[in-house]
Amino acid sequence: MVLPHLDEIDQRIVNLLLENGRLPYAKIGESLCLSRVAIQKRVESLIEDGIIEHFTIRVNVAKLGKPVAVYFEIVVEPRLAEQIGYQLAELPDVINIYQMTGPSTLHMQAHLRDEEELEKFLYEKIFALEGVVSVDTQLVIRNFKPTGI
Amino acid sequence: MVLPHLDEIDQRIVNLLLENGRLPYAKIGESLCLSRVAIQKRVESLIEDGIIEHFTIRVNVAKLGKPVAVYFEIVVEPRLAEQIGYQLAELPDVINIYQMTGPSTLHMQAHLRDEEELEKFLYEKIFALEGVVSVDTQLVIRNFKPTGI
Amino acid sequence: MVLPHLDEIDQRIVNLLLENGRLPYAKIGESLCLSRVAIQKRVESLIEDGIIEHFTIRVNVAKLGKPVAVYFEIVVEPRLAEQIGYQLAELPDVINIYQMTGPSTLHMQAHLRDEEELEKFLYEKIFALEGVVSVDTQLVIRNFKPTGI
Amino acid sequence: MVLPHLDEIDQRIVNLLLENGRLPYAKIGESLCLSRVAIQKRVESLIEDGIIEHFTIRVNVAKLGKPVAVYFEIVVEPRLAEQIGYQLAELPDVINIYQMTGPSTLHMQAHLRDEEELEKFLYEKIFALEGVVSVDTQLVIRNFKPTGI
Amino acid sequence: MVLPHLDEIDQRIVNLLLENGRLPYAKIGESLCLSRVAIQKRVESLIEDGIIEHFTIRVNVAKLGKPVAVYFEIVVEPRLAEQIGYQLAELPDVINIYQMTGPSTLHMQAHLRDEEELEKFLYEKIFALEGVVSVDTQLVIRNFKPTGI
Amino acid sequence: MVLPHLDEIDQRIVNLLLENGRLPYAKIGESLCLSRVAIQKRVESLIEDGIIEHFTIRVNVAKLGKPVAVYFEIVVEPRLAEQIGYQLAELPDVINIYQMTGPSTLHMQAHLRDEEELEKFLYEKIFALEGVVSVDTQLVIRNFKPTGI
Amino acid sequence: MVLPHLDEIDQRIVNLLLENGRLPYAKIGESLCLSRVAIQKRVESLIEDGIIEHFTIRVNVAKLGKPVAVYFEIVVEPRLAEQIGYQLAELPDVINIYQMTGPSTLHMQAHLRDEEELEKFLYEKIFALEGVVSVDTQLVIRNFKPTGI
Amino acid sequence: MVLPHLDEIDQRIVNLLLENGRLPYAKIGESLCLSRVAIQKRVESLIEDGIIEHFTIRVNVAKLGKPVAVYFEIVVEPRLAEQIGYQLAELPDVINIYQMTGPSTLHMQAHLRDEEELEKFLYEKIFALEGVVSVDTQLVIRNFKPTGI
């Protein structure tokens, strides 16, 4: 990742932590010829500045039984767009949901167990909402950048 | 996150690490009434089983100077779809790129500095590729689930 | 038809019955160097396993006075999709009706007597239903695989 | 099935054979108060007239390892439409393929093993053909008339 | 015009009358080596058989102050399609109006005085009707076959 | 037909001739309280002014063996639009063909014998032309104004 | 600008004033070899004839804090098109709003401060209006003719 | 016009000049209780800061013989988008031309004399360009904000 606003050392710290979020600060210090304390201070600044949001793990959703990545374009009555957006955002299987330029549809991604769950999700969670005009459902066929976010 | 395939303890470990990827195993053990070693073993299994892919940090892309989240739908000549998919996947600003069901367009997301960079990106990185038939560009107006992935 | 999950003998039995569903088991046995009884047992297993659903005939719908094959894409109000789907499925002229990925329209096929019946069918059976938003009607011009199902 | 052009006895014969294509003619005769020979003659006429095309079995494609029913709309260069139509019709996984009124796309159905095979099928069998302009791929989510053809 | 169902003499009579509907039957007879009475009888048969609907004139609509040829595609609520179709058909400026295969829109042609009349026609005659969902309005830019009907 | 630019007598003459193009001028004179000569003079002026283009007959195309009214929207390469427009205009079955505002497609109407001729027409007369990108074919299902032009 | 209806001197006056609306009439007179009074008279005629509508300044909207040029296509219920058109026309940020041929959407341009204001504008000024069916929002990426109006 | 970045006096000066670009600075001074010199200085600053771009006149294009306002959406081959954009921008009848988010079409406005000139403009200036894939042409039917820019 190219990080234009950081000095070189911060950039390398961020990139090392992106690859291994549990890397001890002493180890980072070694590879950058800095003390453990210096690294810790910089990491704390990066957190304070809101550049590092939090430490986390990357989970393989497919292996956890949600292998079906689905992308929805949901046409809604404009006056209910906001309400529907927040209703859908609360569903635990929904990964993200956006209002974008272009047509006033909501763009939503979800991870689901299988086609059967997709059928139920579509009919019970989306079709059932007041103000939903139509839904376009698409499944991922090929992921060209599996290392992407 | 609902994780249907794990026992309850693994589920709680995964959820704790999702929230804080650097949480010491001893601390996790305390809150689950287990030893540090038991937690470490379970984490190692979760990694071996490919459920935890890796430890990482969540970076605020906007604060790093890439606040413009752009979504592209790229219509391509089918015979060049594969080649174009991999060419675009290599661009560092591209977050992800998919082939989906529905129309045979490529779906791509990128984070860019500003509208000027978008103009250059569009003309120099996408329009310039052989086999690109047309491009639909959309910007995020509202994010209904900012805590999503 | 390629049948990946069957052993070779079952495959050949299925293919022979696809071509002639009344072929006596003794004849099948002859061509596979097996006894009539062995064939009968295997057919019974194929039926029990749900691989052979039932013996039937292929009828020429056009010759029976329903030569107009029509394909409908029916845009419906999502909240009424399920109800409309089952209402249309009950019409005797409807061959099949599906909910698919892509736009949330219903895909339906019917065989009709002539254009006049199509006009009546469209106005009285589809347009008249509550929740039908629009209908796209298409007629077959050329069948590239007349031996297909 | 309503069969407007047949007399009542032929209609009942056709319907009995649709339900069980191996039903002995003697049994059909019993239920219609006719001799076995009379039934056989009528069946032979129905075959000669092309109304019964052939005796066959209905196979459960999903159980045979091809559970993914896919529907393709293939936009082609008009001058190559005919050639592409026949090329695709020859693929064993293709169930049917039509040229219809409406947009000059080809409508094609196929049964495939899984999403992986779909990816390969799309890239290697469709995208690779000269003259294919774009492809819209849709999967069945719900079948409202499972007893249909 | 090619008229496949007529004998050669009827064809020539129809074509002569298409070009000049007032041509005396004696003249037609001369050029076909037939008597005036023979021609009259044949014309009467053509009228009785409904092949000649009536004698008329071709009027230049543009010269009569209606030079703006407009084509409308009117999306309607299906349940009101029939009613709207007949309401619009009654407007004197409407030349023709059809329900076609393809999307369930009504196709309508009208001849209007100028753009101002078009604005009024659109707002007062079409937009004002209950059940009109949207309208696509197109003006003729070039007529490639001015001698056509 | 409302004819804003004509005086009342000319209007009535035009309307009488629209209904019966062979009506003797003496008869028209009677019903308008004018001499045969006066009517003839006015008709000659109407012809000279180009308001009456010619006398003709209205033929029932369906009865003549061309009952299938087809409407085509033909997407063409813009640089070949003019050439294709004139090529298609020369086909005898083509009734009219226009370039309109809206998408740069050609709008064309034809009368054809049956679906088989439509298939041939589509493949041999339209698809075969260089520069034809795609074709949308629609058939008339209902004519709401059969008395229209 | 080419101004076909004016004589050459009027054309040159208009073009000089387009470039500098405050140019003294004496200066214009000098460059056209005419008196100040003659120029003033011609300018007054141009105003009386409605050719010059008024003297104004060209303001750089971006520099004034409204750099985001947005183009909206607003699909409305036809019966409310007129009312919505005038409601939106009254918003001070709206530059222009039209009903055009083609689909019965309203075309509207606005200048806004930033994406946040766009989000509020979309939800509070457009989505909130009764009769708005959907909205397509587009931002300018490149202006090919910055000297245009 | 709301001008958020200016102090109140500058705002009033800009608004007075928008209404009458030739208003003497002394008059502006009177109404704002400032000297002519103070106004002149502020105007000069507004020009230097690029807020006032230049003094100009608003011309009634319709009265000048270009009453047909046309809006084009031009689909182009992406690799030629830039070149085509600049080629079209040079045409004197073109008012503006943009690349926008949404589909990668060019949005262009022009003022033309009449429909005949539109036909020629379309065929000779747009269709004739290499890389133009299709063009959507729309005419203004109603202007809801005639006082807009």
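Letters A, B, C, D, E, F, G and H mark the chains as written, and numbering starts fresh at 1 in each.
Assume a residue touches a chain if its C-beta (ideal position, glycine included) is under 8 Å from a C-beta of that chain, and two chains touch if they have at least 3 such contacts.
All of these numbers come straight from a predicted model, not from anything done at the bench.
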Key: Contacts common to subunit E and subunit H (chain labels)   = F, G
Message = Which of these, A-G, A-D or B-D, gives back the E-H interface, meaning over half of its contact pairs coincide by residue number?
response = A-D
Task = Select, from C-F and F-H, the pair of chains that is joined by more C-beta pairs in contact.
result = F-H
Note = Here subunit A maps onto subunit G under a C-alpha rotation whose angle in degrees, rounded to the nearest 5, is 90
Request  = List the interface residue numbers of subunit B and of subunit D, divide the shared ones by all numbers used, and answer same when the ratio is over half, different when under half.
outcome  = different
Separation of subunit E from subunit G, taking each centre as the mean of its C-alpha atoms, in whole Å = 42
Task = Measure off the straight-line distance from the CA centroid of subunit D to the CA centroid of subunit E, and report it in whole Å.
result = 41
Query = Roughly how many whole angstrom separate the Cα centroids of subunit E and subunit F?
reply = 6
Residues of subunit C whose C-beta touches two or more other chains = 99, 101-102, 119, 122, 133, 136-139, 141-142
Key: Chain pairs that touch, as defined at the top of this document   = A-B, A-C, A-D, A-G, A-H, B-C, B-D, B-G, B-H, C-D, C-E, C-F, D-E, D-F, E-F, E-G, E-H, F-G, F-H, G-H
Note = Listed in rising order, the residues of subunit A that touch subunit B in the complex are 1-6, 14, 17-22, 49-60, 63-66, 71, 85-86, 88-89, 92-102, 106-107, 113, 136, 138-145, 148-149
Message = Give the list of subunit C residues in touch with subunit B in this complex.
response = 101-102
Residue numbers on subunit C that touch subunit F, as the complex places them = 115, 118-119, 122, 137, 139, 141-142
Note = Seen from subunit C, its contact residues with subunit E in the complex are 119, 122-123, 126-128, 130, 132-139
Ask   = Which residues of subunit B touch subunit D in their complex?
value = 75, 77-79, 81-82, 99, 101-105, 133
